[in-house]
Structure formats: structure tokens, C-alpha cells
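The data blocks that follow each hold one structure.
In what comes next, chain A is part of two complexes: it sits with chain B in the first one and with chain C in the second one.
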Partner chain A sequence: MISIIRTIWKVFLHQFRKRVTIQYPEERASLAPRWRGRIILSRDPDGGERCVACYLCAAACPVDCISLQATEDENGRRYPEFFRINFSRCIFCGFCEEACPTYAIQLTPDFEMAEYNRRNLVYEKEDLLISGPGKYPEYNFYRIAGLAISGKDKGEAENESAPVDVKGLMP
Partner chain B sequence: MATIFIDNAPYTVKDGQNLLHACLSLGFNIPYFCWHPALHSVGACRQCAVKQFRDEQDTRGKIVMSCMTPAAEGTRISIDDPDVKRFRRSVIEWLMTNHPHDCPVCDEGGECHLQDMTVMTGHDYRRFRFRKRTYRNQHLGPLVNHEMNRCIQCYRCVRFYRDYAGGRDLDVFASHNHVFFGRHADGVLDNEFSGNLVEVCPTGVFTDKTFKEHSTRKWDLQTAPTVCVHCGLGCNTIAGERYGSLRRILNRYNHEVNGYFICDRGRFGYGFVNSGERIRTPMVRRSKAGKMEPISKEDVLKHLEGMLYFGARVIGIGSPRASLESNFSLMTLVGREHFFAGIPEQEQGLIGRIVDMLSEGPAPAASLKDAEEADAVLVLGEDIANSAPRLSLSLRQAALNKPMEIARKMRIPEWSDAAVRTALQGQRGPLFLATTAVTKLEEIASGVVHAAPDDIARMGFGVAREIEGGARGAALPAGEMSSFARAAADALKNAERPLVVAGTGCGSEAVIRAAAQAARALCSAGKEARLLYIVPECNTLGLGLMTRKHLGDAFRAAGAGPADIVIILENDLFRRADETQVKEFFRGFRQVIVVDQVRTGTTRVADVLLPACTFAESQGTYVSSEGRAQRSFKVYLPEGDIRESWRWMADMAEIAGRPEGKAWRNIDHVVKALAEAMPVFEGIGHAAPQAGFRVNGLRIPRQSHRASGRTAVSADMDVHEPKPPVDSDSAFSFSMEGYEGMPPPALIQRYWSPGWNSVQALNKFQEEVAGPLRGGDPGVRLLAQGSLESPAYSGEIPPPFAAREDSWLLVPLYHIFGSDELSTFSPVIAGLAPGPYIGIGEADMKRLGISEGDAVVVTLPGLSRVLPVKKIAGLPQGIAGMPAGLMPAGWIGLPAWAEMVKKNGG
Partner chain C sequence: MSGMIEKLLIVGIVLGGALFIASGLIWLERRLLGLWQDRYGPNRVGPFGTFQVVADMIKVFTKEDWVPPFADKAVFVIAPAVIVATILMPFAVIPFAPALQVIDLNVGLLFFLAMSALGVYSVTLAGWSSASKYSLLGGLRAAAQMLSYEVFMGLSLVGVVLLSGSFSLGRIVEAQQGLWFCIPQFFGLVVFVIAGVAETHRLPFDLPEAESELVAGFHSEYSGMKFGMFFVGEYLGVTLISAMITTLFFGGWMGPFLPPAVWFLIKTFFFICFFILLRASLPRPRYDQLMALGWKVMLPLSLMNIVITGGILLARG
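Right after this comes the complex of A and B.
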């Protein structure tokens, strides 16, 4: 008897505690920037596609839900001809982001991706590519890599000296 | 055998090896760059350091380069000593100071020796804070891509290209840390083995340019062991596929055959598999004048049902570029008496003679390995660098065997490459070439003569007579030729393992007999002589062993009586015989059924066209010029209704009411039937494990365990992943599931070992580095050698060639890019192939008053064509040449006499 009354008393007291439940979707939780949600492909500060189609994200993916094909444009930049993520398989582990050497693939604090049809969870490059640099506003892979692209010749990358004059005799 | 101590544990190693070679053979991991099992040691990169101790009491030791230190009896070394580990880490750190931040965009990434070695030594963060050195790249042609920034100056490229393959247009320039590897100027790499730079280079400086067009990581490629289909040597290759297209070809090591290298035709000729000229659906022509219409597989079989009734008169034409199984299934379908090799009479005669000589003569057929070990070589009538390119690489190594005695006398170990080359002073062993025109191997030959095919044969007989001491054979040819024959005979007589090379190349049956005669003479002189005949296509010898009947017989059979149907297997008859003759032949049939991979002249006249699998999509056995039956496996399943030729034949057999149709469920049934039907093929079942083979109950996976994208590849079409197809023909699976360890040697589908992602992982697959594969090298030799007691070769010695006043003897001239049919369907190869031309020697050009580029009317009986003139150095007077395989219909069956007139006003 006493225990029943004690329980009712405890439940009554809970009315005056601070609420934990958020009234989603009327009310939104604030998610940390490093929260692992919907995957996007970002762009360089100068607007070019960051993804160089190195296949590392696909290799790192434990559920094998990323597939792509590399190709090269007329400027010498590599990019994915197609880039597909099957979000119905994705487990949002973030390994792809960790593997990405160019900060192209990033996980965002967005999880509202529910669909009635599983097909609609297959995202192509058009669905993934955003117009900004995402979490890394500065990074530009081609400014660091040794590969020449149009607008950045050999020796013009960060920390590079001018191309060697093979026929020169100077030390 | 010597005992060495590695980290205080005793190991037995072979005598005369260096420590690196010995340690790698024992399974130790020592990082290295400049050393290569085929190129040996120069000690340039300082990466393979180990610590050597004087004796058990010595605790200090000294750091030595393992590749430059002999594994002598009692050598004590440490690989794991902290000092030497630190040393190796520092070396790689220096090498990496200038390495660009390129891995994500580099095609070598994921199969890079530099990546592997960097991880192995433990170097991780770049501490060097200064600027990186950069270079400008060169355009090296359509095959090889150049990205010089990635270079670590190991010198392997020039050592392979110049020292090993005899190239001249790749070299090292500049000095100190500006050292540059490239050409003197942009231009197409000239050497026919340039593609091997892709595998030799430990970084991404040289990468496969055709692979770059559809680049894929090594771990994503679905791979299987294949056999190269672009010449008769049967080099082993690994073909890789991704997303339904063939992506690239890599060398597959076979100690007995191609070793570490293949030629550029084999590496880059794969494009025909993805070509727009592929036949992808069955086609049917409902009426003779009608158009071809696509049709489904079920409907085409129904359509065939109306034709292949019991008692229909059907003849079959086989193909030297189709597998044994495909040819045999056609033979079974039409009956042995109605099966003809799709090879012209003259060529089939040569092949028949080759088979006779190899199976009756005392000299066994030489493998490429045998050729590499030969210490004196006589070549009769073959432009090897173009007709069987990989052999020319073997002969270049063979030319070093004799002079190696100098190094041995000076007690220089054979693996000390730079020292050996210095000791040899560029000397070459005996290599004698008798060819119709100047060939590439001439630069290393000790004797060269250019002559007509008949004179080459006389030379061969003359050499044989000289060896025998004048017992038999022709009187020696006069003049320059006699001194050549004498010198060649002397050299061969003084050799231990002489080799005679001939082939179908100059179209002369007498040359084939002459080569056998010379080899026989050497055998009777007690030498370990070998004989090598070059044949033009990947299964020429297999088809030659199967039937002697040729295209001429087929034409006669068709003319003799009414026939209903002809079935042509993977063969373009317009490349084999005169156009009018072939058209006449086709008119004799109510239905022409063609099974082929690509659109050719023959497929255009077909009434029923069935799409066949290429080598990459089908399994089959091919017999190489050495008589070695080798199994090639399918890399991937073709799309739609493309099927293996033998499956089409089995279906047709079923329609025709033959028992085989139902009985042949997988390729092993065909192989078994073939082995039973023809005793010569008895052994082919052992060429590779059969379909039921399993390791611990597991199949061998075609995909690597890192293969990616399984749940996304086809998600755009269907989110439900399809079940991987089941391969009923082999022990391979079409997935990443299966036995992860080392497969049996015939089933090696990729080289990978923990920590070794590059092709250098091959070390782990060999019994001993650069030795045979673990479990023996794949392939079964079908030809048993004859004996000296077998009847002596009969046959005429041809009379000397006499130049004619008004006509020229046309001989075929070979081109590595162009003379092979299938590879010319690859855009890059087609771009490198020359156009039709008439090749004339200098003397004749003067006589005719023409110069290079002029137009000349060339007339054969019933044929005439205007062709541009090309100067061919070395062609003797009275002889003209034409590019083999590059001429339109009718210009085959060379040598033949032709008339030439300068075209006026042209």
C-alpha cells in the first residue's frame, strides 16, 4: 500500500522536472556540425568539384553502398562521371568522410531523408553535390597536388619550386 | 646450397644468389626499389639495407645493401635490427621529399610499390619543409602516360627499356636532384615493350594511358587468368573488368612462357572487346536481298530449327583465333569430314609441315624460357619483333648468355647487373638472322643476310650441311651468304643450347624444312638443340593439330555438290582468300551462319549472325607455338545474348538431334569429349583445374576482398541487389566470396599479398623469386618430340632465287600494330597501324625511277591496286613487300609474283 502511494507521489513530482522530449517536428534539436547525417559532395573554394574519383570512399564503405566511375575533363581535372550512394544501405558510419583525401565527401547534420519508396533513397551525383565547400572552406586539393590542371601549371602548387630545366647545367 | 643466418635463425638458400633475392624467396619482407627479379641488382636506391655481422660474437655489425651482398655460406644478417630499420625509414623519407601529393589522382594508387614500401618501412609524416622539385611531363604516345613529378630515381625504367628491351628513345637526362627520365623530345615510344614500364615503374610515373580512359582501382577490378590472343606465343595475361567493360591487361607470370613481360600488342590490344564493332545481338536475314534484323536468342534458335533438320548438308569452317573447344564443338556438329580449318591452303600447308617437324624431329619445341636460355640462335625468315614480339625480348636476353662467360671468369655474380654490363663491354652472343628485309633485332645480331625466301631456305640447308660436315643438303649459297652460313654453323656447333627459329612468316615451306634440318643436324652433333616455329594466331597450332583440311578443300567441297548450310566460326574469310572466290563460295549455300565477336566482311554476308564471346568473356584452351595447351578463363559475363561459340554449337547440335547437344552442359564436357576423340589432345584436361575444383569447399573469387560498390552499382535500376551469377564452367566465382589464399598456379587471378598491393606481390607466388610458380607453371605440352631414328626429312632444296625483269616477288612484311586482326579493332592500335603500302628496296626504287610516297600500280593475276611506295631497307632486288594483315581482300597467299608500274600523273 505504502509503495503504491510512494510511486504515485514520485510520478506527481516528475511534473515539475525539466522536459527532455523535444516536440519534433515543431521543435528542432540543434545538432553538432560533426553529426553524421546525409552525405554530400562539396566543392572547392573556387567552385570546382572537389571529388577526384579516387575510389577511397567506396573502398572504405563497409556496406559497399558507394559506386562511382572516374573520368577526366578537358582541364585535366579528375571527377566522377557518376557518383551513387544507396542510402537505403548506408549506415552513416562516416568512414567515407574519413577516407576522403580531398574533403569532398562530408556527412552533414541532416537526417530527414525518409521516403515511402526505397528507390528514392538512391542518390546520384546531382543529388549529392552542393555548391559550397562544406566544413572545410579553405581546402583546395589541386593547389596542393603536383598534377597540372588548366590554370595551375607545374610548379605553381603550394610549396613547389619551378619546373626543372632538364637541359640546364647549373647545380 | 648455402646456410645463412637471418636474425640468428639458420636458413638454406641456393648458391650464387644475393641476400635480397634469397630473403624474398624465403618469404621475408625487405623493401626495395631499384632491384627487379629480371633486371637484377645495381644498388642504386639504398632501400634494401640489412645489417651484416662478421660472426656470432660480432654485435655491432655493419649496414650493407642486401641486393649487392652475396648470400655466401655462413652469412649472418639481421633484417629487424633497430639501426637498419631506422636507416630504411630515413631512406624512404628522403625519396619522398619531392613526391607530390598525387595519390588520389594517380592511377598507380592502390597498387603502388612506393606506397607499399612506405607503409612497410613505417615512414608516415613528411618532415621536410622545403619546396618540392617539379618537372614538365612529356607526351609519350597513346599507350603510356608520363607524370615525372612522381619519380623516385630508381632507374628501373631506363634499365628495362634500354638494357633489357633494347630501346633507345628513353633515357635519363640532367644531373643531381634534377635527374629526368624521358625522351629527348615529345614523341611516341618506339620500343614494342614500352607498356612494361607501367609494371616496372614502382611509382606512377609511367601508367597505362588506355586504362586512364576508364580508370579503376586494382581492388575493384574483376580479374581472371587469360591467355593473350594476339599472336601465337600464348603469353599469359590477367584481364580486369569493371561495370561490364574490359579495363586492362596485365602480365601474368609463367616461368616457362612470358616471365615478367609482355609486348604492347598484348597489353593494349584489348580494346576490341569494348569496341562499337562488337556483335551484341543475334541477327537474321529473312530473305536473301533483305536486311539483317536483330532477334532474340530463343527466336534465333527457333529459326535455326527450320534449317538444321536431320540430313541437312552442313559444312563448318573453323578458326585459328577460336579456342580448341569452339573448334571442336563445330567439328562435332558438322562431322569431322565436313570440318575445315579456315586457313588458306598455302598457310595450312606450312602449319601442317610445322606440326610434322615438331612431332617427328629430335629437337623439342622451344618455350620462350628455352629461347631465353639459348646460347646461339639462328633465325630463318622471321621479323620476330613484329610477328612474335615477346620472342624478340627473349632473344635479346639469349644474346647475353655466351658473353656471360666473361663475367663468370672474372667471378662477377650474374645478378650484379652494372658490373656484368661493364665486364661484357656490349658484347653479344651469336645471333644470326636471315630475313627478307631489315629487322629490329639486327642491331644485336652477329650475322645478318637479306634474301628471298628460297635463298633463306637454302641457307638453312647449307647451315645444316656445314654442321653435319657436308654429308647432306644443298651446296652452300655463294658469296656473302656462304660466309654467313659458315659463321652461323660454327656458332651453333660451338653452343651448348642452340636454337633455330623459323615460322610461317615468309610463307615458304622450304624454310620450315630447312630449320628442322638444321636443328636435326645439331641434335645429331649431340647438342641440346631446340626448334621454335612462329605461327600467326593464338590457336593456329591447335587447329593445325585438329585438322589438315584447309579453305581450298572447303571451296572444293562446296563446289562438288549442293550443300545447304555453312557455319563459319570466328573467322573472316575475306582476310583468308580472294574476294570473288569467297563470294562464289557463299553463293553455293542456302544459308550462311556466322558466329563471331566483331563485324567483319564475313559477318556482313551472313544470313544468321550469332554473337560470340571474346577471350575475356569465355573460357577456352589455346595451343601456343610451343605446343603448350593453356586455359584462358572468362573475366566477366557478357551482356544480353552474347554467348560462347561452343554453347551456340551445342545448341545447334541439340536442334540437329545430336546427343552432344544435351550432354554438353559445361566446358569440361567438351574438353573431355575432345580428349577422347583425338589422342593428341589427351592432356588438355590437365591444363587447369576443372569446374568442380574447390579449396576447402570454396570457389576462387574473381573479385578482391576489397571490391567496392556491391550495393550501389545497379541501384539506379533496382535497389534489390542481384544474386551473383554462378560460373558453371570453372572454379571461379563472380563475387568477392571464396578462398582468399593462394590459388593453384593456373588459377592465379591477381597478385596480392598482405602488405604487397602492387604487382610485386608476385614474389610471394613463386617457389623462388624469378623461379617457377608454386605448384608448377600452368600449361600442358602436347607435342612429344621425335627421335633421331625417325625418318630423315625428305623434300627438295629449292633452286636459288632469280630476280625477274618485269615482275617482283611479293613477300609479307609484319607490323606489331596492324598485322593481327583483333587488336586492330582497338582504337589505339588502329591509330598506330600503317596503311596499305608497297614496300620496295632501294635498288629497285632506283631501277623503277620512283621515290618514297609515289603511287605504283601493283598487279597480281586478277587483282590490281594503286599503292603508295614505302622504302624498305634491306629488301633484295626483285622482291617487294606488303604489310601482312593490312591489305584488303585477296592480297594474301604471299609470296606471289606481281607486276608493278609507276602510276602516271598520280
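Right after this comes the complex of A and C.
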């Protein structure tokens, strides 16, 4: 009995509290930098595509909404011929970002992707690819990886020593 | 002849006023619930969101009005009309101001009780004619709940009748000249308010609806304006019970300075807000708890109230 009256009184006092609603189109919630929203494909600092079309994101995706086709340019750099994300299926879990070895695929703090037509939710590579490096401004996969591409041979990457001559006797 | 026109005018004012308030409650309730739950409620359409009511009406009128093929058609259609009719009727006997009353029946109080008892038919028949198990369960609960609370509602008012010596609502208001009945009849007031909540099956006593267990209870199968009628009926019920609390326990239209009708509206508005506050704060009890509260607490309380009031009146001579 007392508890019921106390409940009513406490709820009554709530009218003097601040309202928690964020009036969306005029006010906006502040999204954390690591908020998992619209997916982008980033470029390395030199402007080359970071994605090496390894299919790891597509394999990691629990709802199979990424599809891509690998190909290779004249310098020996792999890149996706097409890269397609179906955002009507994406659950924004971020697994693709975790799986990616090159930081190419990244989730961004943006959720305003509503469309009138379901077809428009399928983003192609030109919709996904941005011009900058995204969250990792310094990272350049080919400058770190030991892979040989034109303009950089084995052993020339950062923090990498020249390959050992396996046939020589010298230490 | 002019008396006739005057009466018709009063009928128009009362009817229009009741329906206007009931539709305004759609907005008021959502705003107040929002206020008490730290959010806004509808605030986009029109000033403070008041046109939300219009938007809702357009919506409910243009919805498909569907009668399930397995339903008992005639009863299914009549049920929503019954609740609105039975709840609008008692407004005729409520004295909003000394001259603003459709008819001062000398059995006004009994008329009110009789009409609100008839309201049970609407809910029960709606549940039964829908021929769906959730509706039926809701209808059954409604029958049991409303019939048992009807008993205490009547008993709680006996004290008021004893004190004022009349069943006429106008006379009851006049009898409160010196002291509002909320003080000598405090227990009567408590029982009446609780029975009133149960009678209008509002939260926390909305077991006939109980959307968390029975889909929507007795009106699960209703759509369009028929569903709207149940809602209008519910809000009319809230208005009616608030007006009755004002009339019976808080001196009706009496009050200093302001015109009587304004006092009546202010008091009624206060109790409407209290009803909404109850909804915002209290959870729904279990069905057996509701029944136990009724028969084990409310009934003895109201009987005791009658005995004590009667005893005091006898002792005073």
C-alpha cells in the first residue's frame, strides 16, 4: 500500500526531470568514432586502393552480404574488380572490418542510409570507395607487407631486412 | 418552447463537450505519459502536437473496417456502440453548473450506476462475438472484474447518499456546501476511485485488455472505427468517472471566484490527470490479485464505511 503511493509520487516527480529524448532531425545524437555504421572502402596514403581482394571479409560476414571479384593490375597489385555490399542484409556487426588484413573495409559513424527503393541499398564499389585512408591515416599495406610489387622488391618494406641468401654460407 | 430549445442547447453542449474532452484525452494522455516517462510524446503535428488527434482520426476512419468471417456479425457490430452509448447516458444527470444539467433525475445516482453496469455488456459481448480465444478470455475477465467492482462502487456511494439524504446529483452537490464529502467519506472516496479505475478497465486494472498476455483482450479482432469506438468509450469513461468523483466527493461546481462550470472543469481535469498518472506509474496486477483485492479489501472497507457513517448519523440524531 505504502509502496504503491510511493511509486505514484516518484513517477509524479519525474515531470521535473530533464527529458531524455533527442529530437532527431533537428538535434543529433553524438556518435562514437567507432560507431558501426555505413561501410566504406579506404585508400592508402598514396591513394592506391587498400583492398587486396582476399575475400576474408566476405568469408567472415555472417549474412553473406559482401560479394567481390579479385583481379590484378600490371604492377602485381591485387584489387577487387567489383565490390558489392547489400546493405539490406548487412547487420553492421563489424566482422568484415575485424577480418580485413589491410584495414581497407571500415565502418563509419553514419546511419542515414534510408532509401525508398530496396534496390538502392546495394552499394557498388564506386559508392563504397572513398578518397582517404579512413581511421588509419598512416597505414600502407604494401609498404609493410613483404610482397613484391613493381617499385618495391622483397626486403624493401619498412622494418624489413633483405632476404637471407639461403644458398650462401655467410651468417 | 424556449425551455425546449434551452434543453436541446444544454444537451448539445454536454454531448459536444464530453466528446471533445474524450478526443482531447487521446493527445493529453500521450503527452502526460511522455512527461512522466521523461520523453515528449506527440509534438510534431500542429502546436504542441494537438493536431495529432485529427491525424489519428483520419487514420482510424480510413482503416479497413474488417469483420472476421467467424465472428457473430450482428453482436460484433453492436458491441462497440453499446459502450459509447452507455457511457454517454450518465452525462445527462451530471450537474456541471447549477443550470447546466440536462435532467436532474431524483434517482440520478442510481441511473449512473445502472448505465455503467450496462457497459459490461459491451465488453463481454465484444469478447464473445469475436469467436477468438484471446477475445473470449478478455471478455470473461471483463465480466468478472466489472461486475465485482460494480458492487463496491455502489456500496461506496451509500455513505454519500446517507449524508446528503438524496439520490439526486444536484442535491448531493448542494449538500456539500459546508464540507466536501471527500473528508467525511474518505474511505468511500478511496473505494470509489479504485472501483472507477476497474470499471473503466484502465491501467493498472486493464486485465480485459492486457496486451502483454491477451494480444488486445476483448478488442483483439476489431479494426477501424469499431476499434476507435472502444477507445472513445474508454476515454469517455475516464471523463465520466472523473466528473463523478468531482460531483460526489469534491463539491461539484462549488468554489470561490470562478464561475461554477469552470470549477467543475478544473476539478474534473485534475482527476483525469490523476487517472493518467496511475497508468504511468503502476503495473498491472495478476488476475487473482485483482479479485482478491476486490472481495477481501474493498468489500469490507466499503461495508465498514457504511456502518460507521450510519452509526455517526444515528448518534447525531
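Everything below uses one rule, namely that the second predicted complex is superposed on the first by the 148 of 171 C-alpha atoms of A that agree within 3 Å, B and C clash if a C-alpha of one lies under 4 Å from a C-alpha of the other, contacts with A are read in each partner's own complex, and residues count from 1 in each chain.
Here is the rule we use: contacts are C-beta pairs under 8 Å (C-beta built on N, C-alpha and C of every residue); 3 or more make two chains touch, one makes a residue touch a chain.
Because the structure is predicted, anything quoted here is derived from the model rather than measured.
Once the two complexes are laid over each other on the shared chain, residue contacts for A:11 go to chain C alone; chain B is not touched. Touch criterion not met for A:30: it reaches neither chain B nor chain C. Looking at the shared chain after the overlay, A:64 reaches chain B, while chain C stays out of its contact range.
In the superposition on chain A, A:85 makes contact with chain B only, while chain C stays out of contact range.
Shared-chain residue A:101: touches chain B; no touch with chain C.
Contact with neither chain B nor chain C is seen for A:131 once the two complexes are overlaid on the shared chain.
Set side by side, chain B and chain C differ in how many residues of chain A they touch, and the one touching more is B. With both structures placed on the common chain, the touch criterion links A:159 to chain B but leaves chain C unconnected. Those residues of chain A lying in contact with chain B across their complex are 52, 54-56, 58-59, 61, 63-72, 78, 84-86, 88-89, 101-102, 118-119, 121-122, 124, 141, 144-148, 154-155, 157, 159-169, 171.
Interface of chain A with chain C (complex): residues 4, 7-8, 10-12, 14-15, 17-21, 23. Taken together, the chain B residues at the contact with chain A in this complex read 100-105, 109-110, 130-137, 147, 149-150, 173-176, 178, 180, 182, 212, 214-217, 219-220, 243, 706-713, 715-716, 719.
Interface residues of chain C facing chain A in the complex, by the touch rule stated above, are 34-40, 277-278, 280-282.
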